[in-house]
Structure formats: structure tokens, C-alpha cells
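Data block below; observations after.
Chains here go by letter, A, B, C and D, matching the order in which they are written, and residues are numbered from 1 within each.
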Amino acid sequence: MGRVACSALRHQHSVCYAGGLARTAVPSEDIFDSLASLIAAQHPDVLLDLTTHPSSVSISMDALERGVRPVIGATGWTNGECDALSAAARERHLGAMLVPNFSIGATLMMRFAAEAARFFPSAEIIEMHHDQKKDAPSGTARLTAEKIERTGGPAAVPIHSVRMTGLLAHHEILFGGEGELLTIRHDSLSRTSFVAGMLASVQAVMRVEGLVIGLDAALPPAGDHG
Amino acid sequence: MGRVACSALRHQHSVCYAGGLARTAVPSEDIFDSLASLIAAQHPDVLLDLTTHPSSVSISMDALERGVRPVIGATGWTNGECDALSAAARERHLGAMLVPNFSIGATLMMRFAAEAARFFPSAEIIEMHHDQKKDAPSGTARLTAEKIERTGGPAAVPIHSVRMTGLLAHHEILFGGEGELLTIRHDSLSRTSFVAGMLASVQAVMRVEGLVIGLDAALPPAGDHG
Amino acid sequence: MGRVACSALRHQHSVCYAGGLARTAVPSEDIFDSLASLIAAQHPDVLLDLTTHPSSVSISMDALERGVRPVIGATGWTNGECDALSAAARERHLGAMLVPNFSIGATLMMRFAAEAARFFPSAEIIEMHHDQKKDAPSGTARLTAEKIERTGGPAAVPIHSVRMTGLLAHHEILFGGEGELLTIRHDSLSRTSFVAGMLASVQAVMRVEGLVIGLDAALPPAGDHG
Amino acid sequence: MGRVACSALRHQHSVCYAGGLARTAVPSEDIFDSLASLIAAQHPDVLLDLTTHPSSVSISMDALERGVRPVIGATGWTNGECDALSAAARERHLGAMLVPNFSIGATLMMRFAAEAARFFPSAEIIEMHHDQKKDAPSGTARLTAEKIERTGGPAAVPIHSVRMTGLLAHHEILFGGEGELLTIRHDSLSRTSFVAGMLASVQAVMRVEGLVIGLDAALPPAGDHG
């Protein structure tokens, strides 16, 4: 994931790639072996942290203390860790983002599902993944069901999990009303789908103060729906 | 359509059915043969006008002049007619709504499509209808394409029209991004799907002043997307 | 169902409608109140029996004894009843058909699923119905799963049942193989879908001897697949 | 493609990998630089030829002359070339197969479409591919339309081509009848999907004499549809 991100961000015109951080790599012109040396050499605005929890906690706090805004791709952060990061960010008047899922499509799917839930009496979720996936239902399906249930519309949204050779990662949310159906579907077909969401997050973290959770906040809703 | 609407609205708790207007029917306790007699007898707040253009123009203006807010289901109103209705409504501090499509599902589909268009480079529309449908592409498909194109995102959205025995009315909007797809689909399976949108419009017209066009305005967007 | 069938078969050129049988109706030129009087007056080749089990058992046996081939739309026949009907039909060198589901589309779906099952390692079924449907999974889904499992290919085919306002009757069979998916889907949108299968059965029963079970036998497979 | 095939076939228990042929590679224990040396060393039963037309013509004829059955993955063979290969195969009492598409899923989709076409009055095809695909409609869509039209059922099958970032290779065949729809869909998500079809072809060519065209012949239809 780190390699895909580096190679993609390096070629974006809307951000300036400052360098990579890798413990195991041989240091080179733009690969550093410590955050301190990277920051000293490049003075970046943002650190995109793709390590996992709990490593990501100390790395992000370290970045904030050195004046660099962290965008964190990990899952598993506790409420306490989030609160501490948020406080540290506010103290320095800097932004921080925790983004468990960088897919723009999945994020919009969840946003639309939460909105549709206010107008439809019933909803069900079908999530389909390759048979190597260990957990069921998927985290995205569970999170979507929660968002739907929280609207006070459809209650206890059933989730159907399909696990099959040949599948990649697919989510389908069905909403049923009198005489009509509304379906929102997301197909994730390649890891490259995460790059656009990383880019949006890296840009959004410059505009906020304190901790923001989720990619949704980096995707401004339309001013009007005309 | 008028009959489906009457029979459905009559049984709703959130509105009070004042009576119907029908030129050809034998007048009865709650069926009147003129707007004047209906208004005199029942003093309704709202007139749901399901006639077609141009009849709907004079009926709506007449209603407004008598202090009744029109909700109009017709298509084909000219800009000039809309402006005149809007002026008449504002003058009396009343609301008026022109709703070419009462389907909540189709309205949300268009709203979501316009929002997704801001984050995806490409979009195509597949609309599928029974083989008795005369026009192609459907009005909903053309309107959706316009909304997408207006965002400045995907340009010149192709529309594919499938016409086949057995189909009812189906729209599918595909959005493609690097490594992912987002699909929004609406299936209209029965005329009863229009009742919920009529009800939402009848209630929304009480809260506005001047002319509002489209069901979208009657479906308040979520306060937050959390 | 009987009324839909009568009105549809009456207008088919490929069969000659002999008359209807209805206990409650007033007898008329082509509606009879007993099988005996219908047969005496019209000498039909085939009786399309749309009563339910167990009425359909005596009606069909009665028809066969009078030299008329029964096409039976009921479910719930026991093996013993089937055997007795088969023996009675063979004795008279006549055909008889028992067709629990007259939908050509659903029948082809099951045929294709059984064939695909021989080439794919995994399969799952998603069946979606209106929320008034009492049983889950649907009989068609269970029968399809059995046909797939009987091929010795995918074992223990999972069935997911979606029940929702707005849905009609939909079945989707997913087959997954290395790097590819094959999906077979059937949507039943109106009762009129049963007419074509009734017609095919009425014609097929003329060509067989003894009892044939299922619409599949009335739909001859292609001579070649070129 | 050649590399994927080699690496996959090498690990199959149902065939014995004899060696590869590559003009540019350094010869090694199981990579040969000429057909003659490969055959002399390994005496294979079958040559899987993944070169393109016209190279594949001489390679296949050469293989046949040396007593090795060719399975050819190329498109573009003329009728004359096919006839010559067929004659050469028959003369030596050997099989030969020309397989323009090794996908089992796509082959079954076409088989099922040809069969469904005999029972449905109307059909349309939607094919969806990534935006790098040069031609439209896809060869598979055109071939499927031909097979449907040849049944004498639905005439002039419309093909809709969707080209979009994020798509891989998808075909959907819709059949519409009175009150029902039957949909057959194939999603090709990875090149590895071709391996199973190659294996089936390599085994099938041992059982035939003369030239067989298409993977369909290597996938025996079910004995019964029960």
C-alpha cells in the first residue's frame, strides 16, 4: 500500500511529494529512515501515515509535535487515542485526519445510503468478497448498516455476506419503498482506487483544525442539489 | 393517476383530504365539479393538480388567486408560465410547487448522481423501459445527464436506451474512477410509487413562498453525513 | 390465475380454446360446470388444471379416464399420486404433465444453473421478494440449490433471502471461478409471465406418453450450441 | 498470456507440462527455441499455441505434421486456413482446436444466450469495458448477437457499449418476455480466468479428430437437465 501511494502521489500536480519514510529501505535522496531527518530536510506540511495501529499512534503524535499534520490510514484507534490526538492538534492549531477507508466510492455509497434511509422504510445490504476474506460481514457493510439505522428509518438492516472465488470487493445497498427500489452499489476492483482518497485527505487536512475522522469530511457536499 | 392519488391520500394521517375535482364525475359529497365550489365548501390549503399542460396553467393560477397553494404534476410549462406563477405566489405570500416527477427514488438518484459527478471522471447512463415507451432517451435520463454535466465533471454523458417486452421503468447511472465503480440504480415497479412524493410535496408547499420546482426541494438533505 | 389463463389462451392461434370449467360461474356457451359436460360438448385434447392439491388429483385422474391429457399447475403432489397418474396415463397411451412453476424464465434459469455448476467451483443464490411472502427461502431458490448440488460441483450452496417493500420476485445465481463470475438472474414482474409456459406445456403434453414433471421437459434444448 | 499459461499449467495435476517454446528466451531445461527440438526432447501430445495470426498458422501446421495436436488461441484465421488445418488433422487422425476465447464463463454465457433466444421475443446486449479498449462493440458481444439472431428468435439484437475508467470486461445479455426478464452476465476480472479454458481445451483435443472451433465443444453439455 505504501509503495502504491508513494508512486502515485509522486506524480500528482496538486501536491508536492516531500519524501518517503521507510525503516527497512536504504536511505536515498527522497527516502528517509526517521521522521526527524525527513522533517529536517524537507519541512513537509503533511505526513501520510500508512502504518498500522498501534505504531500509527506514536508516529502521528510525533509528527504533530514537530508541526506536521498527520493523515492516518489505520483502523483500531481507541477513543482515548483519538481524544489525545485531537487535543494535541488543537493545541498547535493544526489539522489531523484519521481515515479508515480511503475509497471515495465507498465513502459516497455510505453517505448516499444514510441520506436515502430517511425516505425509505426498508433496507438490506449484500456484500460480496473473495473467499480469502476472513471476517464477515465486512467492516464497510457494518458501518453502512449503523449509519442507516442511526437515521431512525429502516431498523435492524440485514447484511448478506457472499464469499466466492473470483469476487473482489463489492457492496450493494437496497432500499425498498412502495412500488420502487433504489440501489447503491460500489465495486472496488483494484488497490489503485485508494489514491484519489489519499490525495483528497492530504489536501483537506490543511483546511481543518483538530482531528477529523473519516474521508467523508474531505469530500465537500454539493452547495445545492439543483 | 388521479384515482390512485385520491384513494391513497384519503387514507393518510398526515394530511386531511378535502375533496376531489372531476369534470366528468357525478358530483358527490367529496367530488366537486368546479374549483370554486370545492374551495367554497372545504377551504383547502393545497390543490394537487394532476392535469396536463396547458390546462394545469389556468387551474393553478385560479387556485392561487383563491388563496390555495398549487402542487402541479405536469411537464411542459414554459419559463414564462413559471415566472407568472412564481410572481402570483409571492404576491400572496403563498407557496407553489411544480413537480414533473413525484418518485422519491428517482429524485434521490438524480441528487446522488449530481453529487457523485464531482468526484468521478466518467459516467454513463443505462435506461431500460417497456417497448411501448415512445420516446428515447427517457426524460429522467436526459435530466440526470444534464445535472451530471453541469457539475463540470464527466462531460457528454452517454445514454443507452433499452426497450424490451417485460421491462417496466429502470435507470442505472454508472460512475467510473481509478480502480472502482459506483452505481446508482432506480427501479420503478408500480404507479403507487408516486404517492409518497405527492405527500411530501403537499406538505413542503406549506413551508415555502413563491414557486419551487422539482421534488428535490421537498426532500430536505441530511443535516450531517456522520 | 385461472382467469388470466383463460383470457390469454382464448387469443392464442397455436391452440384452440375449448371452454372453461368453473364451479361457481353461471354456465354459458364456453363455461361449463362439470368436466363431463365440457368433454361431451367440446372433446378437448388437453385439460389445463389450475386447481390446488388435493382437488387436482381427482380432476386429473377423471380427465385421463375420459381420454383427456391433464396439464396440472399444482404443487404438493405425493410420489404415490404421481405414480398413479403416470400409470393411468401410460395405460391409455396418453401424456400428462405436472408443472409446479409455469415461468419459462425461471425454468431456463434453473437449467442454466445446473449446467454452469459443472464448470464453477462455487455458487451462491440471492432471492429477493416482497415482504408479504411468508416462506424463506423461496421454493425456486431451494430447487435451484438442489440442482446445483446434485451436479457434484459447488457443495452446500448458500441462499440469501431479501424481503422488502417494493420488490416483486427476483432470483440471482452467482457462479465464481478463478478470475471470473457468471450470473444468471430472473425477474418475475407480472403474473402474465405464466401464460407462455402454460401454452408450451399444453402443446408438449400432446407429444409425450406417461407423466412428465416440470416445465423443463416442454422446452426442448438446442440441437447444437454452435 | 504465455507466461500466465506456462506458470499455471505447470502446476496442474491433470496434464503433464512438457516444456515451453520461446524465441527470445535463453534455452533451459524446459524452455526450447524451436518446435523441432521441443518435440524431439519431450514428445508432447498437444501444443498450446498462444502466438497471434498469421504466425499461428505455420506453427500449427508444423505441429500437426510432427504428430502433435495444436490448440490455437489466435483470432483472425481465414476460412481457407481453417479448412487446410482441418484436412491436415483428419489425414493424420489427430484433433486440432481453434479457440478465440478461453473463458469458460463467456462461453457458457453465449451458449445460454443462444438457448434462451429460442424462448424470448426480445434481447439486448450491454457490454462494458475499460476506456483503453479500442474497438466497440466487443467481439464477444458481436458473436453473442449473431448466435441469438441465428436462432430465428429476437431479430437485430442491439448492443450497447460502455467505455469507462475503472471497468474491466463485463457482458450482460437481457432477454425480455411477457412479464419477466432473464439476464445472463459475465464479469472477467483477471487474466487468470483463461487457464481453466486452456486446460479444458488441451484435454478435449485428445478426444476429437479434425478441427474443432470454439471452447464450447470442450465443455460437454449436461446429459439431462433434471
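In the analysis below, a contact is a pair of C-beta atoms (placed from the backbone, for glycine too) under 8 Å apart; a residue touches a chain by one contact, two chains touch by 3 or more.
Computed from a prediction, not measured in an experiment: that's the story for all the values here.
Chain pairs A-C and C-D differ in how many C-beta pairs they share in contact, with the greater number at C-D. Rotation angle relating subunit A to subunit D: 180°, from a CA superposition, given to the nearest 5.
Computed from the mean C-alpha positions, the centre of subunit A lies at a distance of 41 Å from the centre of subunit D.
In whole angstrom, the spacing between the mean C-alpha positions of subunit A and subunit C is 50. Between subunit C and subunit D, the centres computed from C-alpha atoms are 36 Å apart.
Among all residues of subunit D, those that touch two or more other chains are 166, 177-181, 189, 193. Remark: subunit D residues 121-124, 126, 128, 131, 158, 160, 162, 164-167, 174, 176-181 touch subunit B in the complex.
Listing the residues of subunit B that touch subunit A in their complex gives 103-106, 108-109, 111-112, 114-116, 118-120, 147, 150-151, 175, 177-196, 216, 219, 221-222, 225-226. Interface of subunit D with subunit A (complex): residues 166, 168, 189, 193.
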